[in-house]
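Each of the two complexes below includes chain A, the first together with chain B, the second together with chain C.
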Partner chain A sequence: MRRRTRDLLHNRFAAFVAKKVVFYLIVAFVAMTFVFFITHLMPGNPVDRMIASLTSGGPGGGQTYLKLKAQLMDYFGLNKPLFEQYLIFWRELFTLNLGPSYPINYPQSVLSIIILRLPYTLAIVIPVLLLSFFLGNWIGAKAAYAGGKRSELVYFFSVFSNRLPSFWFGMVLVFVFAGVLKIFPGYGLASLGTMSSWKLSYFLDVLEHYSLPFITLFIIYVGGWATGMRSMVTHEMDSGYVRYSEQLGFRKNKLMSYAERNAILPQVTGLNLQLNALIGETAILEIIFGWPGIGKMMFDAVGADDYMLIFGGFMVIMVVVILGNFLIDILYGFIDPRIRTGGRQ
Partner chain B sequence: MKVPKRKLVFLAIGSLLILQFVLLLVYSYLYEINQAPFQINYDPLTAFLISWILFCIGIVILITMGR
Partner chain C sequence: MSETLLRSKKFIVGLAIVIAIAMIGIIGPYLTRDPLKENWNAVAQPPDSDYLLGTTVLGEDVLAQLCTGIRNSLEVGVLAGGLGTLIAVLFGALGAYKGGWADEISSFVTNVMIVFPMIPLLLIVSELTQQRSLMLVGLLIALFYWPWAARSIRSQVLSLREREFVDLARLSGMRDATTVVTEVLPNMLAYIIMVFILLAGGGMLAEAGISMLGVGPSNSVTLGQMLFHAMNETITPYWWGVWWWFIPPGIVLTFFLSAVFVMHAGMNELFNPRLRRE
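Right after this comes the complex of A and B.
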C-alpha cells in the first residue's frame, strides 16, 4: 500500500492530473466570485422587475410599493450586506440549492430550469466539437498529402470558413435555407403547434430545426481543424524521421500514419480552446436560432435581472468548460505516451 | 488474426451507443403507428437529444478506437 502511494506520488501523470484539478478549482472559485460581484453591481433590481410584472406596469411608488419591496428584499436576502450575501451564495452553491428563479420564472427552481435546458446546448456543442474535429483533421491531412492546387484550394476554403463570424454566417444561412430555398426552418425548436411526443415525425421536425445551428458551427469548426492539420502534416512530412523512413522503403500509408499521429497532438491541445470558444458561440447562436439552450436562458435572465438564473447559467457553463478541459487534458495523456509513462522506470 | 481485447471493448461500446439511437428511432416509428410495445415515462425531447449526443460519441469511438 505504502509502495503504491509512493509510486503514485512519483508518477508524473498523477502529478499532472492533480495539478490540473487544483488549477481548475482555483479557476472555478475566481470565476464564480466575478460572476457574483458583476451581477450584484449591475444597475437594476430583480425585486423591482418582479413587482412590475406582478402589477403589469412600472415599479410605481407609494407606501404599499415600498412595503412590498422591503418584504421581497428581505425574503430573497437582498437587503443583507454584499459580503454576507456572497458567503450565503457559496453555502447554497455547495448544497446545489440555487433557490428559485425570480422574477421571470418564479417559483421554478433554478436547478430544474438548468437541467431542462442543458441537453439542448450539449446537443449542439458535443456533436459539433467531435464531428468537426474528425472531419476537419481528415480533410487537412488529405490536403497535405495531396499537395499542389488541391491543397491550396482546401486551405483557402478552410481559412475562409473558419474566419466567418458565427452570428453573421448563421443569419446568412437562415436567409438562404429558410428564407429563399425554404429547406430548413429558421427559428425555434419545433414547428408551431407541435406537441412534444415520442412520434418519429416530431423528432424529425426537431432535427430539421436543429440542422441550421449545427451546420453553421460545423462548417466554421471544420475549417479551423483542417487549416491546422494541413500545416502540421506538411511540417511533419518534411521532418527527418519521415524522410529517413522513406529512404528505408516504408510504404506511403505507414509514413502518413506516423506523420498524422505526431501532427494530431497540437490539435488535441487545441480542443480545449475550441471547446471554450464553441460554448460561447453556441450561446450566441441559440439566441439567433431561438434554440432554447443555456445561452438563450441566460440572455433572458440578464434582461430580467434574474440573479440566480445568471449564476446557475454561468455555473453550468463553467462546469462544462472545466470538465471538458479536464477530460481533454487526460485524453492528451493517453494519446501522448511521453506524458502517460513519464517518470515510470 | 487476433483482435486486441481493448479494441473489442471500444468496438462494443461504440456499437452500443449507435444502436441505442437506432432503437430510439425504431421505437418512435412504432409509437407513431400505434404499435409501441411499451410506454416510456420520460421527456421525449430530452431523451432524443441525449441519445443523439451518445450516437455522435459512438461514431467517434468507432472511428478512432475501434478501427
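Right after this comes the complex of A and C.
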C-alpha cells in the first residue's frame, strides 16, 4: 500500500492530473465568488427591477409596494448580512438548488430548465469543436506540404473564414439559404406546429434546423485550425531534425508523421482557448437561429430580468468550460510524451 | 523599425485596409445625414442614388449609420485595446521581470482569467448596468480580454530580461519598475503595438457580440447595434428583405479583423525570430 502511494507520488502524470484538479477547483471558486459579489455589490436591487417589470413602470410607492418588496427580499434572503448570503449561496450551489425561475416560468426550478436546455448547446459545441479540429488540421497540414500557391490560397481563405464574425455570418447564411434559396429553415428547433416525438421525421426536421448553425461555426473554426496548423507544419518541415532525417534518406511519409506529431501539440493547447471562444459564440448564434440552448435561455432571461435564470445559465456554462478544459488538459498529458512517461523508471 | 515594417507586404496591405476603414469612421459622419433621423417617406428602401446603402425600417440612412457605427465601434475598440494592453503589460511584464512570487501570482491570475467564458461574463455584468455608455462597454471588454495578451507579453519579457543591457540597468541600481519601463518595454514596443492592435480588433468584435445579446452600448449607433436592430426591429424577419441593413456592418467588421490579423502576421514574421525568414 505504501509503495503504491509512493509510486503515485512519483508518477508525474498523476501529479499533473492532481495539479490540474486543484487549479480548476480554484477557477470555479474564483468565478462563482466573483459573480456573487459583483451581483450583490452592484447598485440597484434586483427586487426593485422585478417589481418594476411586474408593475410595468417605475418602482411606485405606497404600502403594497413596500410590503411586496419586503416579502421578496425575505424570500430571496437579500436582507441577511452579505457574508451570510455568500455562505448560503455556496450551500445552495452544492445541493444544486439554484432557486426558481422568476418571473418567466415561475414555479419551475432553474435547474430543471437548464437540464432541458443544456443538451442543445452541447449538441453544437462538441461536434463543432472536434470535427473542425480534425478537418482544419488536416487541411492545414496538406497545405503546408503542398507549398507555393496552393498554400498561400489556403492561408488566405482560412484567415478570412476565421475572421468572419460568427453571428453576422450566421445571419448571411440564413438570408441566403433560408431567405433566397429556401433550402434550409432559418429559425427554431423544428418546423412550426410539429410536436416533439421519437419519430424519424421529427429527427430529420430537427437535423435540418441544426444544419445552418452548425455549418456557420464549422466553417469559421476549420479556418482557425487550418491557419495554425499550416504555419506550424511549415515551421517543423523547415527545422533541423526534419532536414537531417531527409538527408539520411527517410521517406517523405515518415518525415511528415514526425512533423505532424510536433505540430499537433500546440494545436491541442489551442483547444482550451477555442472551446472558451466557441461557447460564447454558440450562445450568440442560438439567439439568431432560435436554437433553444443555454444562450437563447440567457437572452430571454435578460429580456425579462430573470436573475436566477441568468446566474444559473452562467454557472452551468462555467461548469461546462471547466470540465472541458480539464479533459483537454488531460488529453494533452496523454499526447505529450514528456508528461505521459516522465518519472516512471 | 518603420523601414523594416515597410518591407512586409502583409503589414502594408493590412495597414492600408485598417486606415481606410478608420478614415470612413473619422470623416464619414461629417459628410452623411443624421444617422438617427427617421424619414417615414423612405422606409426600408433598397440602395438607390439618394440613399446609397438604402434605409432601415424606420427610414434611417444606412450609410450614415455605418459611418457613425464605424466611429463608435472604433472608439470602443481603441479604449478596450488601450486599457487591455495596459493591464496585460502590468500583469505580463512586471511579474515576469521580478520573477519568484510576483511571477507566480501574476501568471496564476492570468491563467484563471483565461478560463473564464468572456461573453457570458460580459452578459451578466452588462445586464446589471442599466445605462451603458461607449466608455463603459470599452472598459468592461478591457477588463476581461487581456489575459492571453499578458501571457504572450510575459514570454517576451522572460527572454528579454536575460539580456546584457537589462543586467547593466539592474547593476547600476535602477529600480525594478523603472527598468521595466525604460529598458525592457521600449525593446518590445513593436510587440506591444501588435498586442494593442489585436486587442482593439477583438474589442470591436466583442462589442458586436454583446450588442447581439441585447446588452451593448445604449442609445448609440455601433456596428453591433446595427446588426442587433436589423435582426430585432423588423416586422418581417430580417432574412426576407432588408439585407442592405445587416450586410454592410458585417463586411466592415470582417475586413477590419482580417486586416488586423494580416498586419499582426506580417509584424510577427519580422520581429519573431522563430518565424523570421531570410
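In this text, the second predicted complex is superposed on the first by the 321 of 345 C-alpha atoms of A that agree within 3 Å, B and C clash if a C-alpha of one lies under 4 Å from a C-alpha of the other, contacts with A are read in each partner's own complex, and residues count from 1 in each chain.
Just so we're on the same page, contacts are C-beta pairs under 8 Å (C-beta built on N, C-alpha and C of every residue); 3 or more make two chains touch, one makes a residue touch a chain.
All of these numbers come straight from a predicted model, not from anything done at the bench.
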{"item": "Combined model on chain A where chain B meets chain C, clash or fit", "value": "fit"}
{"item": "Chain B versus chain C as contact partner of A:G313, first or second or both or neither", "value": "second"}
{"item": "Partner chain in contact with A:A14 - chain B first, chain C second, else both or neither", "value": "neither"}
{"item": "Which of chain B and chain C A:V302 touches, first, second, both or neither", "value": "second"}
{"item": "Touch count on chain A, higher of chain B and chain C", "value": "C"}
{"item": "First (chain B), second (chain C), both or neither touched by A:V321", "value": "second"}
{"item": "Superposition-derived minimum Cα distance between chain C and chain B (Å)", "value": "22"}
{"item": "Intersection of the chain A residues that touch chain B with those that touch chain C", "value": "none"}
{"item": "Complex interface listing, chain B residues touching chain A", "value": "25, 27-29, 31-32, 36, 40, 43-46, 48-50, 52-53, 56-57, 59-60, 63-64"}
{"item": "Chain C-touching residues of chain A, taken from the complex the two chains share", "value": "23-24, 26-27, 30-31, 35, 38-39, 42, 44, 159-160, 162-165, 167-169, 171-172, 174-175, 178-179, 186-187, 231, 235, 272-273, 276, 279-281, 283-284, 287-288, 298-299, 302-303, 310-311, 313-314, 317-318, 321-322, 325"}
{"item": "Chain B partner contacts - residues on chain A that touch it in the complex", "value": "116, 119-120, 122-123, 126-127, 130-131, 134, 189, 196-203, 206"}
{"item": "In the complex, chain C residues that touch chain A", "value": "111-112, 114-121, 123-125, 127-130, 148, 205, 208-209, 212-215, 227, 230-231, 237-240, 243, 246-247, 249-250, 253-254, 257-258, 261-262, 265, 274-275"}
